[in-house]
């Protein structure tokens, strides 16, 4: 697959995606997200040898939301290694991303780091290590993407904080099982800020590229994770990265990926590229409807997936 | 049944209960409760015509814990009437007293006012109506029992507050469904204080006597509830008053009752008496082990229950 | 309360119930039940001293369905006594009458004998003891009611058998936990036949009268259960007799009762009477909508309930 | 990776696996399986270009159990294509392989074809199409592996049939939701026979090799599935193939795989090889304990996985 082909494929996807762009429903669980126009569409591929291909709104920043869980988990995994899995599992949840039922049945240990409960444990790890967990995370994604002005959107963060009752419930619930080390309020505060980070498709694809490159960030040569840990994190994205639709996503797209309710999905093909697509309309499972369609088209046309 | 008989029966129960007194396990979910000696036993019967029968530690105060839910529910029912049932159900829960699973499946509406979640909604109602809900409740039980120095134990309240993560989880969870009107922290604060009220068997039996007397408190002639509402509250105690063991309790004892993890159980025989028993050792369902045994003996000997 | 009053009250209820008679929905889970006209209404009171009061279709036979669980449980309780509770619980289920979830979480032991799973265990007990469990049960209700031609409706039984997949699932599920002694097919066969018994309001009230009379059937002087067991069975009806609406039913009506999806409800006031009401339209919980309303009116007017 | 290397790696794995071989627990849910010696260990790799590498008991036949679900699903997918997913999902279950809870919450549609409930739906599809579903399946695996004397073990099949209460419960439960077209007894019969098929590691690796070869069986050149469907089936194995431990398996091993309680696991590396390992001792999730360890060692040494 040559570079010219990727550019042509992105343009074809952009053209063909039109009917899907308005079929989904923009997230409205916090007011700030609901203000985003539904018909945005952007997509970017960054290859491990540094080529960048883009189409549509690929340089427009959006709220990365749960995609931040991927970077937070990477940081916590750097810090703790496999000890992280004592506090959070590595299994698909089989339930909605914000369910408390699983926590009650499994003694406060979240099923994986990509559902909300698991991400709160990850943030708890970061809060314990860093004075300001959200700043540490922002610096991390700045380094990974090579873009120094990435930041979180304060209005989005405040909107998150004002609508965080369910996440607060989870944090206190895990605390009741002894699976939270820092005060719930502090963890929720950092969590809401990290969800509010704004990035573009190109920036996100760059930031995730270490996963396609054996754990080394091509942007600055930094080794983020060793090769084995990188594969394991990709495995985790594959089985748990797209909420309760991971099975369907793997079936249709066949790439490790992480999605967010801001409408972004970042995915990687090991050894080849990272890709990010953005379209704010969501399907019933909370994943970008046009985004999944675009990625399915990408792996169908190129006949390239991990299988 | 004459008064002399009640006195003789209480003394016989006191004598026969010895092997049961140390069979249970004193609650230790908060440190302050765990300091209570296991072998206390007290029991008091107060009849609607004003006779008081007592045995053992019937005048020793203990932490009433969830028995406070009965008085709080009465106050809220006074305020809202049947409108209360829009926010909390009237069905046995079928699950543990502090489960969040039911809340998730039923959109944040607790099954009944005698499980923790339901009691938090009741406290929310009181917090909205009174500047200090716990003070209003303390005044209410002082009036009902005719004992002006009843109060909550500050050390117990502080111990509750320091171990309230699961209740905080419930409060925020219900708030996420829109079923909490006041801030979760304020509701938790009042809830922990009301659980920490200290009363003796005699005082509790007096305070509950309006339920056996058609809604009128014999202590001061105050009409607490109308006759129909009184029956309905008794019905609710019967099906929901002893956590997830209500069926077993009704089967064995046959009286409307409310228990607490401090080891107290208050029960009523309509038209006849209120009875309160206290023994700190609990069974696996969180009810006083010797307490249930004592009440079963009472209704077996007297052949008096509601059936 | 004199006899004339009961007659007058029944007639008043009959008159006032009109708007409720067509508000419910006739059961259609088996075709034979769906053929019953929705606007039937009958009600009968039989007192412990032998007086019979009736109104409307009180002598028309209908499919007693789950009311048969009351008589089957009585028979099994006669046979096994408290040993019965090793195989079936005495707690409200907190879930729908035909749920398998509870069975999975609680190792195949049904919550109580009045939900389908529990009734299947009861029928298993009868199948082990009697060559034809359904015949033994028919003979039992004939004796209790003093009506020798009571029988099950073969067409209804066949319709039940043809639509018994969910009950079969339960039976095999309990068998997998070792909680079924006879072959599942045999138990299902007997269960479907007993559900198909046809009786009228007057016959059902007569048959249940032993529960209001300390365990002795006034019809023939037969002691069905001892006094203590009779109270305990009434307690069980109270907490578990009306599916997942027991709390609401006790709150509104305040009598031990057992309902069936044929639209019948039988209830007792200990020491006084048994009452049976029939109206085929059901509410969302599977209980007769007009039937509950009629019973609530009865206990409101007479100011007589167990509370 | 050259052929010699695979042989050397298998021998190294065989040598190093010794401490793991007796750490697991042989399945005993049916008596026939419990008779197998715990310390068997066999492993075979068959490459897409026809090379076969083997070690230990690689030619000893064992009961393939749930690995049969992979071949049954392939056959049903051939017959119905994506229409199959109307009746069975493609998501990890998040619960035990034989849970009925998920079925109740999701209207009788199993989460995926590799848990028991889903496999029963798949068998129902085969029963509807073939006079003898188990014979059709046996013929299919004979063709795929090129070994004409593969068959099911009648004693194991009879043992399965005698202990199939839970599977019967599932079949009737799905029938109650309309998700079974053939009689439950017929489906259970065929299901138990297909689980009882006996094959060796070499035979299983050969039979699964089409999955590593774009859908074409190298044994006979038969196109089993088109390339896209082959990838999709591999995706499904990855997320759902190892019961409720799929996330952990993907994390550790990183290959699409299907396991059975007989102790076998078959896995594929697309474009390269199929591998089968057998060791009867199971871990708590029902997967071969030494088998997973062996596969993890394989992908660690070779640094070859799908990630």
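Letters A, B, C and D mark the chains in the order given here, with residues in each chain numbered from 1 onward.
Just so we're on the same page, contacts are C-beta pairs under 8 Å (C-beta built on N, C-alpha and C of every residue); 3 or more make two chains touch, one makes a residue touch a chain.
A quick note: this is a predicted structure, and the numbers were derived from the prediction, not measured.
In summary, the interface at C-D recurs among the listed pairs A-B, A-D or B-C; the equivalent pair, sharing over half of its contacts by residue number, is A-B. Taken over every residue number at the interface, the positions common to chain B and chain C amount to over half, indicating a same-residue contact.
On a Cα centroid basis, the chain most remote from chain C in this structure is A. Our note on geometry: chain B versus chain C, Cα centroid distance of 32 Å, whole angstroms. Chain A and chain C have Cα centroids lying 55 Å from one another.
Between chain A and chain B, the centres computed from C-alpha atoms are 48 Å apart.
Residues of chain A found to touch two or more other chains are absent.
Those residues of chain B lying in contact with chain C across their complex are 89-95, 102, 111-112, 227-228, 230-232, 234-236, 238-240, 244-248, 250-252, 254, 256, 270, 300, 303, 305-307. On the chain B side of its complex with chain A, the touching residues are 99-101, 103-105, 165-166, 168-173, 175-176, 184.
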